[in-house]
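After this come two complexes, each holding chain A, first together with chain B and then together with chain C.
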Partner chain A sequence: MASRYDRAITVFSPDGHLFQVEYAQEAVKKGSTAVGIRGTDIVVLGVEKKSVAKLQDERTVRKICALDDHVCMAFAGLTADARVVINRARVECQSHKLTVEDPVTVEYITRFIATLKQKYTQSNGRRPFGISALIVGFDDDGIPRLYQTDPSGTYHAWKANAIGRSAKTVREFLEKNYTEDAIANDNEAIKLAIRALLEVVQSGGKNIELAIIRRNQPLKMFSAKEIELQVNEIEKEKEEAEKKKSKKTA
Partner chain B sequence: MALQDVCQWRAPDTQGASPHLPQAGGWAVPQGWDPQTFLQTHGPRLAHGTTTLAFRFRHGVIAAADTRSSCGNYVECPASRKVIPVHQHLLGTTSGTSADCITWYRVLRRELRLRALREGQLPSVAGAAKLLSGMMSRYRGLDLCVATALCGWDRSGPALFYVYSDGTLLQGDIFSVGSGSPYAYGVLDRGYRYDMSTQEAYALARRAVAHATHRDAYSGGSVDLFHVRESGWEYVSRHDAWVLYSQLQKLSEPEKEGEEEATSGRTGPGGEPSEGRALGHPRMPAETEML
Partner chain C sequence: MAATFFGEVVKTPCRAGTEDEEEEEEGRRETPEDREVRRQLARKREVRLLRRQTKTSLDVSLLEKYPCSKFIIAIGNNAVAFLSSFVMSSGVWEEVGCAKLWNEWCRTTDTTHLSPAEAFCVFYHLKSNPSVFGSCPKKSMQVTVLTCRHVTDYKTSEPTSSLRTPFLKALKTQSFRESPCCSLLEQPNIVHDLPAAVLGYCQVWKIPAVLYLCYTDVMKLDLITVEAFKPVLSSRSLKGLVKNIPQSTEILKKLMTTNEIQSNIYT
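Take a look at the complex of A and B:
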């Protein structure tokens, strides 16, 4: 039955599905994992870096992109689709500043991206964007925000979320470990993001890309060394926790 | 997309200006005429006589205006309102063609309301000024005449912007617009301080408009005074311009009598209208000594 209703995007199936949109969500699940965490004074985005071919220049593969000075996003899914969406969002950020003299709020640009995605689920001859996005940033009022959009054009605010391959595992990890203590300070929030990614990423810190925004500061991309430092700290903490456990049992 | 292209159908733009507003350049003029030439030869003779002023200070923004609407040689309305509220924290002083001013303010009100509904908060005064100037600049060259000062209080505190229908947008602390503005600027520049008290600000605004109505033929009637505070705008007072001016003259007289004791024989009677000018001459040398 699905095969009769999944060709055209603008056709509902008898039981109310838009199959093209659902297939787009499947495409997202094939993309590499991205995780976003909203701390008290910081927002963190982490993505799993696919290992690049030997001859490929690593720096051209960027999955975390700034939309404006105070907003950035990570995506999971089709990279080419993401490039188009990010470009439109960047233009909108500047147009908004031009017409209204104020930088966009995180919610505004999320709504714009979501509306753009929805338009493509209701047009002839187009297919939906095959990406989910995690959008983070600070508004003028200094409150940190994290939003997630999906190919259908819905968006929600989250305290912490993951998208892409193994998103479910990461989300379960976050549900267990996102506590007031875990985001007590900036460093803890960063470590939580890395720990969440380490659950599903092979070969550790080398395959992680990390970016943070602190209140009133621009986007900061972590270098490979800085990530390694954090990963080493996490491993030390793990070891100490295990030692304590073994002491208790012994 | 392919079908859309073939039919050349475009989705309605819900985010832009209403499609029912006339397109820029879309004036209904007789066939074959260039709109600008047509308007210049056959269009209405527009009148721009007025005095409006606005200044921002510590406790908000003051907006004041006269109330005379003149059309050529006669007074069309002696008691018109030249300060228009846009929303609770934004006022606009209007000068130029009153029809244009009122229409564009209604359009601005609509835009701001829509954005407030979409975003959950009103745009800043800077944003409102930008929107207004952007909308009007599309009609440049078509004899729109709107010279206005937007006075408001937003997240950044008291804010004041001047917008002109050719697209000029200026931020400032003091603006006066209209045929009486040179006279008002003189008084304002003399008495303005950012740290004035509210009462001092009211007195300064009233004095400036009163002096302008005294000299400018196209300004007169009454003096309206508005104040935008953190809690919203407030219509402070309306005083008859001539009564106000006479009171100001009376106020200044006793001080000058006291300081002119050295040069006796120059003190004149109270500020009666016909003797105002006569008093000016004997008083001037004394004033220059004082100043």
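Take a look at the complex of A and C:
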């Protein structure tokens, strides 16, 4: 019976489940969708913006955060847990730079975050972090990277992935549409991220936030106008594709 | 009986179960106050039928005025949103009455001013085709129930990560001859609460009824969950009732924005 083994984090169930970790993964699904795409010369992070209350300052409700000049991450799940993880990661990035005089590699900081999360699944009286993160960036060797972590403390490299609500739908879209052509150039990679989000975002381009990192360039957050332009281009392409289809069938 | 250290004799609890003596004592212990409290509680828990606008009570016999051919009941906020934006936005629906009830699980102790979010059921009939339900089951009536359930309640041998939520499952009574517009609910899944009661009643009284259960991972009002009910629009019971789908989608979006509860816990 699940209820007898899901109270304390340190207890395995008879069939080997750590229920608190699995429940933490459910908490991640309550956050809005985030998608990450690794292109040839660019990495893209797109998120579904949460609707902000009228009196709330929009700047303080952010899902995409820079960890260092060359690494940034998007998360889905509990806001407060994300803040703690991000702060720890940022301190680690600077500490590493000061100690070894080199910026962190994307894999190093991902491993740090994942190890932190795993510690909380094996500690007495603590619950796991209820967030999944998509970490993107460029290493010194110029290779783009995308990693995903989850509440259990596992991390994997991905070509494209999604987390949060409706992540499965977005992932299936990416599996069908992530091709060599789709990431041929930077603009195409950006459009792929937006198209993936439009599959599940409820009110179109207004609720999308996008960030990119290009090789040897800092993080760039897209403005609402730039996103609107991209969305309009995508809609035009869709219409043209549909016209072609109807001509063919006719 | 047992003797304590101090020499008193005390009555020990009997491990053989309650003795008759004890039951008599209990009956004697109930005071008139207890009875009054119990009577008041029973009065509070009565189901009341009334007209919302005039706040006058409604007689059940008035509701039996028209024969009922289609009875559609939506339970839960997503199912209600689907019905109000797709079905009720097409055509003019008149509110006939509402039923409200209170019990100890309600979060408020005020029984007179229950909000629609609490135990409340509003009955509407289509002005152009009055077919309000009647309390005596009519053989020609068809019942459709729409409701939602969290996907973690769904039992399956497949891994839950492979389930594509939200998805619809159907459960029907023996007399329902049509084929439902989605796959049937497999064993060992069961239906709970009001939808189960309605379906059980229909099965006993041989009324054709179908329940469309949407398994979702978002229990609060959510556009994708509500849109998961769309296949039901092709069923015979709802076919004639929905006219303008794009307009209904717009109404649904508006409903979402007005009902959005601001929460900063999850981002």
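Quick note on the criterion: the second predicted complex is superposed on the first by the 250 of 250 C-alpha atoms of A that agree within 3 Å, B and C clash if a C-alpha of one lies under 4 Å from a C-alpha of the other, contacts with A are read in each partner's own complex, and residues count from 1 in each chain.
Please note the rule applied: a residue touches a chain if its C-beta (ideal position, glycine included) is under 8 Å from a C-beta of that chain, and two chains touch if they have at least 3 such contacts.
Keep in mind the model is a prediction, meaning the values are calculated, not measured.
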item: Which of chain B and chain C A:R126 touches, first, second, both or neither; value: first
item: Residue contacts on chain A - larger count, chain B or chain C; value: C
item: Which superposed partner A:D140 touches (first chain B, second chain C, both, neither); value: first
item: Chain B versus chain C as contact partner of A:A27, first or second or both or neither; value: second
item: Partner chain in contact with A:A82 - chain B first, chain C second, else both or neither; value: second
item: Contacts of A:K238 with chain B and chain C, given as first, second, both or neither; value: neither
item: Partner chain in contact with A:K206 - chain B first, chain C second, else both or neither; value: neither
item: Touched partner set for A:K50, first chain B, second chain C, both or neither; value: second
item: Set intersection of chain A contacts, chain C complex versus chain B complex; value: none
item: Partner chain B, residues of chain A touching it in the complex; value: 98-102, 105, 108, 119, 123-126, 140
item: For the chain A and chain C complex, residues of the former touching the latter; value: 26-27, 29-32, 50-51, 53, 61, 63, 75-80, 82, 165-166, 168-169, 200, 202-203
item: Residues of chain C defined as touching chain A within the complex; value: 152, 161, 164-165, 217-218, 223-224, 253, 256-257, 260, 262, 264-267
item: Chain A contact footprint on chain B (complex, rising order); value: 1-4, 11, 115, 119, 123-124, 126-127, 129-131, 134, 155
